[in-house]
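One chain, chain A, links the two complexes that follow: it is found with chain B in the first and with chain C in the second.
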Partner chain A sequence: MVASSRPRSIVLTGGKGYLGGLIAASLLRDDTVGIVALVRPGVALAAFIEPIRAELEAQGGRFEAEYLDRIRLVELPPVEAFASLDKVVRESGADEIVHCAGCLDYFDRAALETVNIALTRALLEQSRRWGLRRFVYLSTAFSSGYIDGPVREVLHDEAANDPTDYTRTKRLAERLVAASGIPFLIIRPSIVIGDSRDGHYSGKRYGLYQLWSGIERLLCREWHPEIHALGARQPVVLVHQDAFQNAFLAAFRLLPDDSIFNLVSARDSSPTMRQLWDLWMRDVLRPRATYYYDRMADIPLRKLNSRQRALLALASVNLEIASHPWQFETTTLGWLRQRGLHFLDATFESVAVCQRLFVDSSEPIQAFFDANRQQLADRSEAFDVDVPIGP
Partner chain B sequence: MQARSYQTVLQETTAIIARFCKAEVTEHTHLLRDLDLDSLGVAELVAEIEDHFDVMIPMKILPELRSVADTARCLTALLDAEADGPRP
Partner chain C sequence: MAHRTSPQGALTGRRPGGDDRDVRYFNLLSFIVSNAIAGEIMAVENYSEMVHLMLTTDSKIETVNQAKEECKHILLLSKLGRSLEFAVERQIVEPQWKNIRKHFSTAAGKGDLPACLIIQDLLTESMAIVLYKTLSAEVDTDPQTAAVASNILVDELEHLDIGVRRIKALLDEDPDRVQDALVWAHHRVMPELFGMISTSCHSLCDVLAVDCSSLALDSIRTDIETLKIQALERYIETLDVAGFSPTVTSPLIASMSAYEGMGRIAVGLNDASGGACCSPESAKGKRC
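Then we have the complex of A and B:
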């Protein structure tokens, strides 16, 4: 892939987080830009580079000494003192910003407003003052809210219903970015999971990993002869973290200004939530019977064991998101593929690689196998529970 | 099921949370901020509490349980409602 007029340096927010860290690793390894990383007060350089080093090593590479010369850590001041960043940004020659910092706490509306909206607004104002030539914003594939029909690669209208305030605030931030007058690139990844090659995952346990951790800690304390699950047969559109890195770099280098990019795997080859549950039932939980429901409201919560109920409560938002028939426009991904992007779609088989690594490295799950060997069912029956819709 | 006073529920809830988190806990302890519980930790704790009181905390209420006091208040109301039995 040939780069065109790449910047000497970029400003990066959220580099200490999962996706920001993956982006930093890609830029250090596969590009030559310098990175001015804006971090929370108290983040030391060693703590910043450690996850990047670990990720590069997990991918078979190493953290080269010269990378240190390309990273400059700068404490993110309060919004009202952003002007104090002028000198360091000017000296670095940064001419783009990659804004990955975001709040993911679905239920903390104040933090979502402060981080996802107010911080983005302040960075846009500052970027204009710094004369940056592009604002790259990391959003989410679900910023449309629940809509019928395809999720286009355009700014979204207000949604009648949002999965969470997170998706709503990301949609509002996208609009701020697009209205700022600064050329922009909005990247919308769906749920990011482990590496497609070996399943390693370097993020916090969000998304699918939150569900898996919940299964590990709530359902693997004892064997459950019956399990009730929300297992819609809708494809769950995931992205492997290595595919995310490749796609980010390609978009960063090749997409024209004012692009919006749905970074998602192909729907047709994506696993369904039902298939992912089946894999857990077959390989780990091995109940005698599994009851599958299409909607959370159909599950007889009062009849469930408290651990199963707690798991459903924990994962309810993500399970409901996974139950929606998302159809993402992938025109931009196709365009990038035509120009050399290597992007492996997440499939049932590739997600199974990630799950296998998770299971094999989990002490609670291995202890569950040891303690329940006699009870694990050889054959598990699955039932679709059709709940009639009332009058 | 018998209704219980807020103070009794608070005492039992505090003991469960202190045991679960291996921490000193008061009525005003904030579950996420003070006990460093993540959402999964909260889910596990809720299961412990539900088992102890033999009640079901409705999902929609869970995000409102920010402190020990919130949790005890919610449990007191649920136990009250269960003691009253189903309403006509």
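Then we have the complex of A and C:
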């Protein structure tokens, strides 16, 4: 069954976050639905709408006055007091929930369990009580954990190895959603990066931006004649935020109940980690030589300059995720494209747009250029290292 | 212009006697030195509690001497405050020190000597070295502060060497136990130590009667970012020297990426609210 009846209003969690904010912006601009936004105590309406306003303006639009009438901010109570939300949800006429709130702190297991699993479970129970028609859950493309073969658009079995507790808890939450008895839509975006058209971005220092921020902080304080990098020739599966917004809306409107949607760019056109590093070497760092490794375990960390070592260690989890040969089923994306979805795959060129804006707007990088202009190498050689260097 | 002190002793005017350092510098010293004294007090307590865990008489004596040297540092730092006429607090105010002390006591209570050594000799001493190295640069501070910091730095480097020697010996005996202790100690202590690389506080400024917002590290020609990177580099170097494998330490270092709360950044946006990481002024029209 294709969901054809439009909700009057939806409950939104995580609307103050990056992806939740993008979803809120899309729903306000491109839909007529009202939004009951469940937010942490202390979040004021002005603080909630400001990133949405900035995003809409960056995309050439504006925050219309009528949007304010469609947003209702409600403080998220403790789980045991969720019943206090009954009145506001019933009054709003909300009949769906879009659950974007999540914990992304890879290393805080307790918070991951609390937010990704316990909160989702509580919201599912509440959604049943409210009689909601559908539960839309924002998961991650990597919820399968490390598996051999393609990542199907089905619920995943237990993985032998997870990149982090984040992927494990998202997988468990997906199962809770699917087992709840409420019709559902699970959306699994991969690593979201800036807008494909101009590169603007307002998310956290996650994914590619964690690496870029790390390069800015650690490698741009002095010129490095040699750089060692994890640069596997695996495609890095990214999705531009504008593509994410378009795909979310199409999925929200068109997908049948109980769908699972891998929201990822085409593997064939995706840039490799090696290409992304090359771009930094060519445009910014300009060392005399770069040594590339396929696996973190191959890098002779103890022999490296301490800042390069710190960068590789700090970004190791995301670099290893990016270096895995992910292959995603994209049947649903194809189906949505056939029905008019405009989805621009992330490519080397489109990611370069994001990187260029990042570099151009970085004061530390501009200072690095000023301080090291004489040393930056005109020609940089790249070497593939198959085994650790030295004894 | 004559300087004057608030009732609690914090400076509110410019120094006499040709010292062109302004009040911001001495307020910053007041804040940093008071925090350093708190760390030294904690170190005295930690070393004292660790004595009975040491296995030989020689190592017990060595540990008592370490505690004694930390006492000496408290006296030196207090004297520096009196000499330069800035207020110092001689008790632990900031909760991070209390938390580290609590974790140490938990380890000591379990008889976990590796965890105790890692917390005090490696983690805390590494951070102390970064602090005293920063203060010992006379060109950035002043002759008296630099001299005191240099003296203390010598001791702290020696304490680190002692810790490295002890940890290496334990690693040779039982690497799994020591690596487990590192993981346990890292996740409890490093967030607290890195949380203190800041010019904001819980209540120390109130106690010192210092205006929190007036504290800026440019008074000693550095910044938070530089200190954090130096601390990270020193920590990695310490773990390497102690003999821990990168396969053990890399995930620990990766976890430190979360210490700053992974604030949002704004690249190419006119977000008047700024990211979580910066002020609206610095966010306007660019990245923060």
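Everything that follows uses one rule, which is that the second predicted complex is superposed on the first by the 384 of 391 C-alpha atoms of A that agree within 3 Å, B and C clash if a C-alpha of one lies under 4 Å from a C-alpha of the other, contacts with A are read in each partner's own complex, and residues count from 1 in each chain.
Keep this in mind: a residue touches a chain if its C-beta (ideal position, glycine included) is under 8 Å from a C-beta of that chain, and two chains touch if they have at least 3 such contacts.
A quick note: this is a predicted structure, and the numbers were derived from the prediction, not measured.
Per the definitions stated earlier, placing chain B and chain C onto a shared chain A by superposition produces a clash between them. In the superposition on chain A, contact is made by A:S362 with chain C only, not with chain B.
Between chain B and chain C, the partner in contact with more residues of chain A is C. By the document's definition of touching, both partners, chain B and chain C, reach A:L314. When both complexes are overlaid on chain A, the residue A:R302 reaches chain B and chain C alike.
After overlaying the two complexes on the shared chain, residue contacts for A:I97 are found with neither chain B nor chain C.
Within the superposed three-chain model, A:Q210 lies in touch with chain B and with chain C [touch as defined at top]. Touch criterion met: A:Y201 reaches chain C, while chain B stays clear of it. Overlaid on A, the two complexes show chain B and chain C touching the same residues of chain A, namely 107, 205, 210, 213-214, 217-218, 296, 301-302, 306-307, 309-310, 312-314, 316. The part of chain B that touches chain A in the complex is made up of residues 39-40, 42-44, 46-47, 50-51, 56, 59, 62-63.
Across the interface of their complex, chain B is touched by residues 107, 205, 210, 213-214, 217-218, 296, 301-302, 306-307, 309-314, 316 of chain A. Across the interface of their complex, chain A is touched by residues 187, 225, 229, 232-233, 236-237, 240, 246-247, 249-251, 253-258, 262-273, 275, 286-287 of chain C. Here chain A touches chain C in the complex through residues 18, 46-47, 50-51, 54-55, 57-58, 104-108, 194, 198-206, 209-210, 213-214, 217-218, 221, 296-297, 301-302, 306-307, 309-310, 312-317, 354, 357-358, 361-363, going by the rule given at the top.
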